[in-house]
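We just call them A, B, C, D and E in the order they show up, numbering each chain from 1.
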């Protein structure tokens, strides 16, 4: 009998060793903060885990002790004392947890106010050669099953956000990858166009739900340049598992450069194939997608419940697509043609969607020629990022 | 399974034929085979029915869990598609919560409550039967959604607007809304019934503070149910109307606020989790003293902490909404209120340990499960406290860390406790013990499997694995632990299998043997004063209660040195079940017919409103037929005003 | 009220709730009070321009009084077992507290 | 065997206790519906606002009717307790008729609103309004059916003085429904509502 | 052995099936529609058809239930109760009003066939109800030799059905009539109407309660007069039609209606 118990304790010990050993290295790790907000959460959570661990050890150790010490060894027939209780003990074990928790609450409140406070940082940017001061803010819009990031460089104050399905035009619109400057606190305004999603970049901050009809404030800040992975965490229907995103943090000067590129409209295609591709785009894709310089409007309403599809103007500047589940580039930096073609050939096959239910990109029944041309055209949209970024953002 | 032969209710007198004219709607006589079961109003049979049905649903929910685990065993799994997976975890959650743990608790409550307070039956036997049939009807209704190829797929808490008609156009969420509505009726009726029973039907001398802790916890749970069920009723109605009649409660396009659903759901939902756990707390509060051979430590504190948990459970619901955007002040308030629930719960844990302290512990299977609860529930409770710390929860919520939390409290707390109850009261119900060897095997397999399955979920959650994802990609460090969990879940399955085998083997062994003698565990509470299995009439003579654990005090006393000594043998103390002329409520089939009306209405709402007509007629007619049903026994009612055992629903008309 | 008017029903004398039910006149009195309060309530509607800060508390107070009268007299809570009152009040208080918190979280009061 | 069951229960009737527990539970049900309404009363989308559409004078009359039906209900009960079957039936029927008048008024109100552009799907406000008052109306209707059943029973000589508790319990339900309306009338109708 | 209850319910079931099929063909069902439950082809007026079929279904369920429990089976019951001789003699059959009502229903039905389907449905319902009551009365009057027992038997069978239906129908009609009257009045008129009706009901009741000497007949006539007054006023108002309404609110939004369920 004793052996069994011993084995069990060893087993548990093993588990806990593994817990401590395995809590780093993963891209979505919550215990590996990379920004001030997530750090203050972490520094609150760690001691709480510790307290929980200690309480657990006490209870578990206590149970084990009872088990060993008071087990009936049948040495005599005596009946144990019939103790009915002890008032002082009761008070003791009411008070002690109360005090511990009172301590925890104080720190909880402090951290809460920390992660909800905002500093009024402004950032000097130049847009179209004009110097502006930007209060870093990004509008985050969730929809089935991808994220859109909208940058309003004049600030979000005067922008009407009441109807997420009909937002006023933004200076920069990207999807799946949010680009931010390092060392700046970025205020997020999170909302949704259809169901509830949740925006979560574990290394930078906890979650905040994207609730249709509401605009929730949240913030992130990255210490270092890098790519931070995220995942939609509120169950949002069929492809919830496939709704991912990344934050790409870059030095402010790189960020400035990125802005400069992104506010430009798309270039005219030059090759024959890409010209034909543009025609296909204009005949089929403009229903839903926007490419600045080609079409600013869509007729999406009847096609998609959410009234939005990713803005493709700078598609190639993003390293992943379709909700961050596919690589745009091969590790060697060349276009991931196979995947992009497969997407155009039959999107619902690649990513579960209810295309007939007006959610997700439908299968458009393109022929191979059209697909080749379209890929050629898409390749002209936006600038390719550096090979380092490509490597850092690689998925699967 | 063994069943006692019912003493036939005699009804030969001439007089009675006049009172009960021949013809339709006489009360069925019961007595043989399946008719006996479908018409029974006996709380014990209903308890057994509840248990059997819930175990059946447990197998369904468990198989769903295993399929989930198979899908997640490897990255990019292909066992289930996304759609199938979503239905699977939704039905798994719904089944386990509403069709397994709650009815299992109801099984114990039904069987034991009258026995523990010294009553012949519950206050309203027919209502009791009604609750069971309505529950069964609702459960089956929900599960038939699989057969129609359209199971609910919005998660067990069904957040709007994802569950609205636009985003969930199939019938799945209608099954969810209607099915839960039906089981809600069952819970409500049964809760009201049990409250009246506990308050009004106690044996002489059984004051509230001489009731066993189990009875107390069940009482608290019934109050939670009475007040929580109507809240989800509202929520489900609104959802149903949104989906079927074009209302706009959760339609943001028309300016509705989806958080309304979350509030309504969780105002119900959090009391609900205590509804799940308190019965188990009650069970182990019976088991631990018995096997420690000591009274429960700090009885009044056990009772009050249970009540306190019930109370505080109402003020914490928004901890499920820390990231919904309810504003920092609300978050802070709910964060703190949540944390302090740990205090009364801790009191319970420590009192159980103090009960064991200084005892002479016998580690029979029930006790193994009970100690399992003490340690495993604590793990879950502590992770609960880490969620209660709102900033930390923004990282944890909707990850596997939460899944770990609630499986530790539900599996490690509620389910293990219920298993303790199975092993403990099996002889009471069936007259034979469950095998100890198989029982221990059952326990260890379940414990190990359980820790293997849900322990690593803590890690996965903190590593950032979201819940409710039908698949994950390699490269996030999720592979190893998911595989371990899948293996663990099959070990649990094996454990459960051994339980089933144990049931079978022990029943087979017991066949032909006389039932086990009285008091196999040297137990403490009143139910053991009746013979095993409990005779149909419960008590030969309703005992007078003098103390807490009265039964035990009848067996033991103090000698002149103040030492505890045995003063009477179990045979002397226990009744022999020989009374025959006890008046019992006669069976009725209206509960069944009434309950059958609900699925009709359910299918009607989904497929064709016309179907509601026969459903409605069935319900309406049975209500009246029920009310006009002849009293059980025209003679038995003379003089004893006590309870109208025919059990009229208050709103109904009783004219007999 | 005269006791002769009220005969006890046989069924209730063992149930411990032996008490005097009020006479019909008493009930009518109560009904008149209720009617008057209702009339007052309705009258506020025709008083345009009463500021909300006065009007709403006033209405709520009148409502509570009516509520109380019906529950206490017509529903016999005054005479019946206090247990009934407890159950009802439990539901009432719980509902009020819980839903008021919920409304607060919804920032219902902010809009005034 | 000897019936020595002197239970230490609360000494009150099971049936009545059951009804009171049920009413306690109903508080949470109506509380939920009322809160839903309150949250949505200013969300009337493009449709009419509550302040535009409520007909306070009419609703006041309905409220009076329902209030007085509580009186007749209690009179019916006290008649039965006196063994006065004639008046029991008289007041029962009066209560049912007043209830029917109230419901008729509600049908009228709903129809008016509908004609004035407030459909069930018009806005969150409209959905919440119809659902709340509809639920209340359904409760009243169930009450009327119960009253009528008792009336018929009484006609057939089945509602005896000894079973006055049945009537009392139905009465409790009836008064509760009235009490809920007292709340609804004040909070939903009289407290000034938003206008468009 | 098939129990009486079973026979009774199944008889009804059959009757309903036949009338459903009949109704199906007469209201434009295709050749195979009405007999294939609409699986192949149309069933004519599907409201009538479905109602009847559903009725048939529920009757079948009742039949099975009562067979399962062997209710109303004289032999089984007497076996159980240990009575030797089955009461068999038939007692005198009382006066019956059913034929009159039945004739009325049939004529409504006939008129309905020609005029419009709503009237037809009402006719069907009346005929069905009467057929039902008649059968039950007939059956119960022959059930045993003891008339008291017989009437109790009938009561027990019929109360659960009659009471809720009478109750519901009763208030339904009043509610309908009252709301029609109110709808045809002006806005303030409605207030007055409601006030007056309320006061009249209330006042009459008080008046009667204070005068114990008033005979039953008088009360019945008052009641009858009052109810028929309301009904007649209701019918007149329904014919007159509703008053004019104006859209309220910022925009008109009448894309919806309450009775969307239909």
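Points worth noting:
Going forward, a residue touches a chain if its C-beta (ideal position, glycine included) is under 8 Å from a C-beta of that chain, and two chains touch if they have at least 3 such contacts.
Please read these numbers as outputs of a predicted model, since none were measured by experiment.
Shared contact partners of chain A and chain E, listed by label: B. Fewest steps needed to get from chain A to chain C, stepping only to touching chains, is 2. The chain with its CA mean position farthest from that of chain E is A.
Among the chain pairings, A-B comes first (most C-beta pairs in contact).
Closest chain to the protein centre (all Cα atoms averaged), using per-chain Cα means: B.
Per-chain CA centroids place chain A at a distance of 38 Å from chain B. Between the CA-based centres of chain A and chain D the separation comes to 50 Å, rounded to the whole angstrom. Mean C-alpha positions place chain C and chain D at a centre distance of 14 Å.
Centre-to-centre separation between chain D and chain E, using Cα means, comes to 25 Å.
Contact of a single residue of chain C with at least two other chains is seen at positions 11, 15, 83, 90-91, 94-95, 98, 102, 106.
For chain A, residues touching at least two other chains: there are none.
Multi-chain contact residues of chain D (touching two or more other chains): 10, 12, 16-17, 21, 24-26, 28, 32, 39, 45, 57, 64, 68, 75, 120-123, 130, 149, 153, 163, 172.
Contacts between chains, counted with the stated touch criterion, involve the pairs A-B, B-C, B-D, B-E, C-D, D-E. The touching residues of chain C, when paired with chain B in their complex, are 11, 14-15, 83, 90-91, 94-95, 97-98, 101-102, 104-107. Considering their complex, residues 119-120, 123-124, 188, 192-193, 195-196, 199-207, 226-231, 233-235, 237-238, 241-242, 245-249, 251, 254-257, 260, 264, 267, 540-542, 579, 581-582, 624, 639-640, 642-644, 648-656 of chain B touch chain D. Only residues 5-7, 9-12, 15-17, 21, 23-24, 27-28, 30-31, 34-35, 38, 41-42, 44-45, 52, 55-56, 59-60, 62-63, 66-67, 70-71, 73-76, 80-81, 83-84, 87-88, 90-92, 94-96, 98-99, 102-103, 106, 108, 111 of chain C touch chain D when the two sit together in their complex.
Interface of chain B with chain A (complex): residues 81-83, 86, 154-155, 159, 161-162, 166-169, 252-253, 255-259, 292-295, 297-301, 323-325, 328, 331-332, 335-336, 339-340, 342-343, 346-347, 349-351, 353-354, 356-363, 371, 374-375, 378-379, 382-383, 385-386, 389-399, 444, 447-448, 451, 455-456, 458-459, 461-478, 480-481, 556, 563-565.
Residues of chain D touching chain E in their complex: 44-49, 52-53, 55, 57-58, 61-62, 64-65, 68, 72, 75, 86-87, 90-91, 93-94, 96-101, 103-105, 107-108, 110-112, 114-123, 130, 141, 144-145, 147-149, 152-153, 156, 196.
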